[in-house]
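Common to both upcoming complexes is subunit A, partnered first by subunit B, then by subunit C.
Take a look at the complex of A and B:
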C-alpha cells in the first residue's frame, strides 16, 4: 500500500459518505418542507437498501439466522470477488497482488472462516427450527457452499505442505541453485513454512541462517509466511495426502465453484439475485399493495429464500396439521403456485393448491414476516382469482356452482359418512336438536341473514330451517344451502340459542362434510 | 378469588331484577344465566289478571285480585310479598328500565287491556310506552291503520281486524318493508330502523295508505336501543300517533329488555357472566362456590349468599326426566305431582291448567327454599321467580310481576 492507493481509498470513502449524507438531507429537508409523500422514491430506495445491506427483515425474525446470513455474506462475497475472480478484479486493481502474499493470504483464510461460521449458524438454525419444512435444495445450497470453503482450506493446506510445489517453484525461480543452497532453502521452508519433504533434513543453525538469506532473496517477494494462512496451515493433514491430494482437492474445489455457478439460476441458488432485486423493488414495505404489475409479481414469485418463516407464522397452520395439505403453508403454496403457472402441476396437486388457497384467511402475517419482502398477500389474492378463472373455485365456489337441490339430488345416492372422532357428527345426533323449538332466535341474531335483502333468494335456507331439516334427517338437503357456505362462524346463533343447540358448530361441520365430498369428487381420498 | 356478596343464578325477569335490586343496595353482585324466558317476553309487565284460572275471571284491579288470591291460594308465592313491596319493586324496576331507554307506562291500581298479535285484548299492568297509543286508540275505537309486512310471520293485521269486530274503524294494509325481501325477522328490521333514512322510506310507503286514520300501528320493529326516538320520528313523518304491537315470540321486546340490562347492570357494578349455566355448586361454612360454564371458558365464583332465579323448564331451573322433576343447581326437593301421569290433564286447553305447571320449590316466608325436612336448605340461599311452586304464571297473567316482586323480597331478606 503506497501513498497513492491509501489516499485514493480514503478520498473515495469520504466522497461516498458525503453523498449518502447529502441524499439523506434531500429526503429529510424535503419531508420537513412538503410533507411525507414529497420524496417518496428516496424513502423507498432507502428502505430497499437498508433491507438489502443490513438484512433488516431477517433481523426482525431472530439474531441467529441474521448473524449467520450476515457472516456468510460478509465472508463469501469478498472470496468471490477477490479470490475466485482475482484475475479480473484483484490483479488489475492491485499491482503487487500475489495470492500468496499478505494481506491476501491472510484475508482468504479470514473470510473463509467467517463464511464457514456463518454457514454453521444457518445450518444450526435450519436443523433447530426448519427441519420439517426443508427440501433437498435447502440442504444442497448449504452443503455446496460448505464443501467449497472446506475444500479450499484443504487445497491450500496441501499446497503448503507439497514438496512437488516447492520443487516446481525452485526450478522456475531458482534454477541455478546448487545442492547446498537448495538444501538450506528446504530447511528453512520445512521449518518456517511447513513444507513436508520426503527426506529428513539436517537442522543446523548455519544451514538455517543460509536458508533464511536465500528465502529473503529469492522467495519472500512473492511469499508471506504461510503462518498467515492461519486456518489452512493448522489443519492436521497426514503427509501421505500431500502427493495425490493436492490434485484431487484442486479439482474438487474448482469443480464445486463451477457447480455453484452452474446451479445459480436454479431453485434456491438464485435467491441472492432474485431476493436482492425484490428487496430493492419493495422499498422496505411490509404491507400489501393490491394490483401489482406483472414484473414485480414474477420477481416476487422467484424471490423466496425458503427460510420457512411464513409457514412457521401462518395463522392457519393448525389446519395443515389436521388435514395435512402442504399447500396451506405459504412456502409450499408459493412453490406449487410457480409450478401451476408453468403448467407443471398435476390436477390432484392443483386441487390441493386450490384448497390451500381458500383455507388462507389473508391475514397478512406471511407478508409481514417474509424476509425476502415478497408481497405474498397480493400473490394470494391474484392467484385465487386466476385459479377461479381456470375453473378451480375452491370448496365454497364449487358448491355454489350447483343449487342446494341439485346437490341434494347428486348426493342422494351417496353415503355421506359422518364427521367427528366418535363416528357420529353433531348433525347426525338426535340429541343435538332435542331442545330445538324452532323459535327463530338463531336466524334473528344472524348477521349473514341480516345483510341479505332476501334470505331465501341469497341463502336458500336460514339457520333455524337448516336445524329443522337436520333433525328430520335431511342432511343432504342442507349441504348445498348457501347459508352453510356464507356462515362467518361468528357464533351469535349458538350463543343466543335458548336451548343450547350448537348451531354454528353444526354449520361448520356441514362445511367440513362438503369439503370431503369435493375431495372425493376430485379423487383425492 | 373475589368473594361476592350475592350470586344471582338466572338472567330472566327474576334474575335481572334480583341483580338490580342487590346492586342498588350496595351489595357486590355476580350474575350468571343463559338466554332464557326473557327473550320470549312480550315486553308487558303482568301483575295479576286472572284468578281463579278455572273460571278465567279477569280482574281490572290487580290488587283486589291479589287479595282474593291470597285468600284462596295460601301457598301461592304472592302470599310471601305485600302489596307495598310489589309496588316498590315495580317502581324500582321500571325506573331502571326508563333510565336505560325503555319507558314503561300503566294506570295505578288498574290493569290495562292491550292489543296482541292475535287480535285479542290482553290485560296487563305495565306496558312499554311504544304500545300506549294502541291502548288509547282501542279505547276510543279511533280510526286506525294497522300495517303488517310481506314476509313477517309474527303478525297479521287482517287477522287482528277480523278478531276485533268491536273496532269497525280499524283498517289494515300489507306492505313491503323497505330494503328487505323474502322472510323477515324482527331483530334485523329493528336494527335497520336505527337509520333515519329507512324510517323515511317506511313512512313514504305508509303515508298514502293512512288517509284519515288518527293512529298507525306497526308490528314491534321500531328500533332496538332507541325505540322512543324512532317512534317520535315516525309520528313526525306520518303526522299521526304511532304504536307497536308485539309480534309472536320471539318478539323484539326480549332483546330490548336484555340490551337495557346489559347496558345498565355493569354500570351498577354487577359482574354479568352471560350464556353460562351453573355446572357445579358446593356449599361451605363461609358460603357458596360455583363453577359456571364448562370446558375452557368455565369460571369459578365464590359468594356468601345466592338467589336461585333459574326459572322452570325453559330457563333450565327445573329438569324433567321420564319419572320426575329435579332442581338443576342444588338438587333441591321439587314439589310436583306424585306420578308423571298426573303432570297433564287430558285436555291440552283445559282452563284449569296442568299440575306440572304448579311444580317448583317450597320456601319459607323469607323465600328460602326448603329441604326435605321442611327447614331452609341454607340460611343464605333464596329463590325467586318462576321456579317457585304453586303458581301458574302463564294462565294467571302474573309472570313478570311475580318475578320482580319475589326478587325484591329475596334481596331485602338477605340484605336485612
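Take a look at the complex of A and C:
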C-alpha cells in the first residue's frame, strides 16, 4: 500500500461516512422541528435548474460573487472530472488521451487559471464584505482549493523542468539511445520544452536538427510542446527545486485533493452537494411555504453556504448592533439552530438562540436573498414554535413561569438599579409620580383590566396600583406582575391621565428591566 | 410627490395584500414611492431594549433623510415607533449622543428634517385629489378602526385628536362609503398580546368585533398591518385594509389589491 492508495481509501471512507451522516441528519433535524408532515415531492421545475446552473440567486446580489463562483465552478469541475478522475473518465472516453498531449495539457492550465481567478474574486468579496461574519471554515475552503490549484501548477512546472523525469522517460521509451542521440534529444528538450539539465549542453544547429527528428520520432506521440502548459511553463521556479520539489509537490497536490475529498461532508465543504439539492428541491421559489416535511426542511438546514447575505440584509441587524447577540443574525442563528436540534447547544447559547429567534420579525428578507434558496422563513417560524414548546418562549415566557410574588422574593436580595445604563429611569424618578393622586383613571380606561373578570387574579396589580408601588420604591413587587406583561401598549392610560403620569412608558420600562434581569440570570450581560 | 416607502416587516410574508394595495393606490394617484432597503422600525424590540428600538427607528429615518424625501408607512405601529424614537432623543441628551455614535459607525447622519407620514395622513393631505379620482363610490357602511400606536400618546405621535379623531372617517366618506359611529373605535385590537397572552388578546378582539357589528357596519376598516393581522383571524366579521377599499373606489381590480379571495358579504355590496 502506498501513499496514493491509502490516501484515496481514507478520503473515500471519510466522504462516504460523512455523507451518510449528513443525509441522516436532514431527516433527524427536520423531524425534530415537528410541524406538519404533508409530503411534498421535490419539484424539479425549471426554476430550480436555472438557480443551480446559472446561479441565478447569487446573481441578484452582485456581480463580483457571481462571477467568482461561476468561474470557479466552470474551471474546477472540468479539472475534477477530466484531470483528477482521468483514469475512469477521460481515458476510456478518448482513445488518444495523454495528459501531456493537447488539448488536455492546455485545458488543464486554462481551467486551473479560470478556477484561480474565480477564487480570487471570491476571496476579494469575502475580505471586502464579509470579514466580520467569516469563520475558519470559510477561509479553509478557499485556502484548500487555492492551494490545490497552485500546487498543481507548481507540480507541473517542476515536472517540466525535471532532469530526472527526462532520464526516466528516455530510459523507458528510448532505451537504445546512443550518447550522441541522447545529447541531441536533450538539446532539443532543453531549448524547446524547458527541461533544465545540470550540465551545459552544446547548442549547434546540427544537434538541434537531429534532436528535433528524434523528438518527432520518439516523443511527440505523447508530448505536445510544453509551451501549451502556459501557466506552469512560465512559473519562474529555481532549478534547484526540481530535484526534491517534484516529490514534495506531488505529495502536496495529491494530498490536498484527498483532503478535499475527505472533508467533503464536513461543514461548508458539503455545500456543493447540499446546496445544489436544495436549489432543485425549492424549484426556484423565493417565497415561503409553511409546514415543510422533515427531509426538505433538514436539507434546508444543511444547505447554508455561509455567503453572509442574509445577515448583511437582515431587518433586525440594527438590533444586533446594539444588543450584540450574534444569533439575532440569520447565518449564525441557523448554525446554532442545527446544534440545538442535535442537542449540542449549551444553556447560555440556547438562551441566545431563543432571544435571536424571538427578535426575528419574520420579514422574509433572508429567504428572498438566500443564494442557497433555503426557506429560512419557514425554519424560523417552525423553530420559534419548537423552542416555545421546549419551554423557551423568550423574555415574556420566562417571566410568566413565576408569579409576581415569586419574582419579588427572588429579586429581593438583588440590587436592580434602573434600566441598565440605557433606560430613561422613569420608574425610579420621584418626579414621574409627583402628580399621581391615585384617581384610578389609568385603571378605569385600561382595556385589559376591562376584559378581566377578576383583575387581581388575572393581572396581579392594576396600573394605578403599580404606580403607587413604584412611588413607594417597591419596584421589585411590580416586575413580575401580569399587568406589566399583559399590557397591550395602547397608551390609553397615559393619554387619559389627568396628571400627566407616563403610565405606559413606565410599563415599557419595567419590561425592559425584566429583559435585563433575565439576561443576567441566564449568565450573560 | 415622492415618499420613501416603509412597508414594515410583516407585510412581505404575513400580509402581502397590504403592500400591494398601498403601491397600487399610490401609483394611481401619481405618488412616487422609492424603496430603499429599510430595516425593522424598532417597535417589536421596544419591550426589551430602548436603545435597540430607538436606534432601529433612527437608522431608517436617516436612510429616508439621505434620499431627501419624507417617509411614508401604512402601519400604525411603525409610525408610532418612529415618532417615539424622535421624542426619546429630543428629551434625552445621553441617548441622542449614543445614537449619533452608532449612526456614525454606519456612516449615517442623525435625521433632523425628515417627516414621518402615515398612509392615511398622505391620503388626507391629498383629499381633493383622492375624491376626484374615485370612479366607483363604495356604497357600504364602514366601521373605522383607528389603531393605538399612531393615535396615542398624541403629544408624541401628532396624528389626530386622540379623543375624537376624524381623519379615517373623512377618508371613508371621500370614497363614497358611510363611516359608522361605534363605541370602541379607538380601542386596542389586541394584537400586541399575540404570543404573550392569547386569552386577553382574544377577549379584546371579540369585544371590538361585537361593537363594530352592533354599529350596523358591513365591514371594519383598518389602516395598520398588525390590526389587520389580528382581525384577519376572526372569521365571523370581516375586516379590510383601507388602501384596499380605496383601491376598489379608484376602480382598481381586486386582484391588484390583494383582494382576489375577499369575503363576499361586504364585497358584493360594493
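Simple rule for what comes next: the second predicted complex is superposed on the first by the 375 of 525 C-alpha atoms of A that agree within 3 Å, B and C clash if a C-alpha of one lies under 4 Å from a C-alpha of the other, contacts with A are read in each partner's own complex, and residues count from 1 in each chain.
Everything that follows uses one rule, which is that contacts are C-beta pairs under 8 Å (C-beta built on N, C-alpha and C of every residue); 3 or more make two chains touch, one makes a residue touch a chain.
This structure is a prediction, so every number in the text was calculated from the model and none was measured.
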{"item": "Partner chain in contact with A:495 - subunit B first, subunit C second, else both or neither", "value": "both"}
{"item": "Partner chain(s) touched by A:359 [first = subunit B, second = subunit C, both, neither]", "value": "second"}
{"item": "Touched partner set for A:504, first subunit B, second subunit C, both or neither", "value": "second"}
{"item": "Touched partner set for A:117, first subunit B, second subunit C, both or neither", "value": "neither"}
{"item": "Partner chain in contact with A:50 - subunit B first, subunit C second, else both or neither", "value": "neither"}
{"item": "Partner, of subunit C and subunit B, that touches more residues belonging to subunit A", "value": "C"}
{"item": "Touching partner for A:449 - first (subunit B), second (subunit C), both, neither", "value": "first"}
{"item": "Touching partner for A:457 - first (subunit B), second (subunit C), both, neither", "value": "first"}
{"item": "Which superposed partner A:440 touches (first subunit B, second subunit C, both, neither)", "value": "first"}
{"item": "Subunit A positions touched by subunit B in one structure and by subunit C in the second", "value": "450, 452, 495"}
{"item": "Sites on subunit A touched by subunit C in the complex", "value": "287-288, 313-319, 321-323, 359, 361-365, 368, 377, 393, 395-396, 419, 422-424, 447-448, 450-452, 458, 482, 485-486, 488-492, 494-495, 504, 508-509, 511-512, 515"}
{"item": "Subunit A residues touching subunit B - in the complex, by the definition given at the top", "value": "439-441, 443-445, 449-450, 452-457, 462, 495-498, 500"}
{"item": "Residues of subunit C that touch subunit A when the two form their complex", "value": "9-10, 12-14, 37-40, 42, 44-52, 55-56, 59, 88, 91-92, 95, 98, 102, 105-106, 148-149, 151-154, 162-163, 187-188, 190, 192-193, 195-197, 200, 203-204, 207"}
{"item": "Residues on subunit B engaged by subunit A in the complex (per definition of touch)", "value": "34-36, 39-40, 179-183, 185-188, 191, 249-250, 255, 275, 314"}
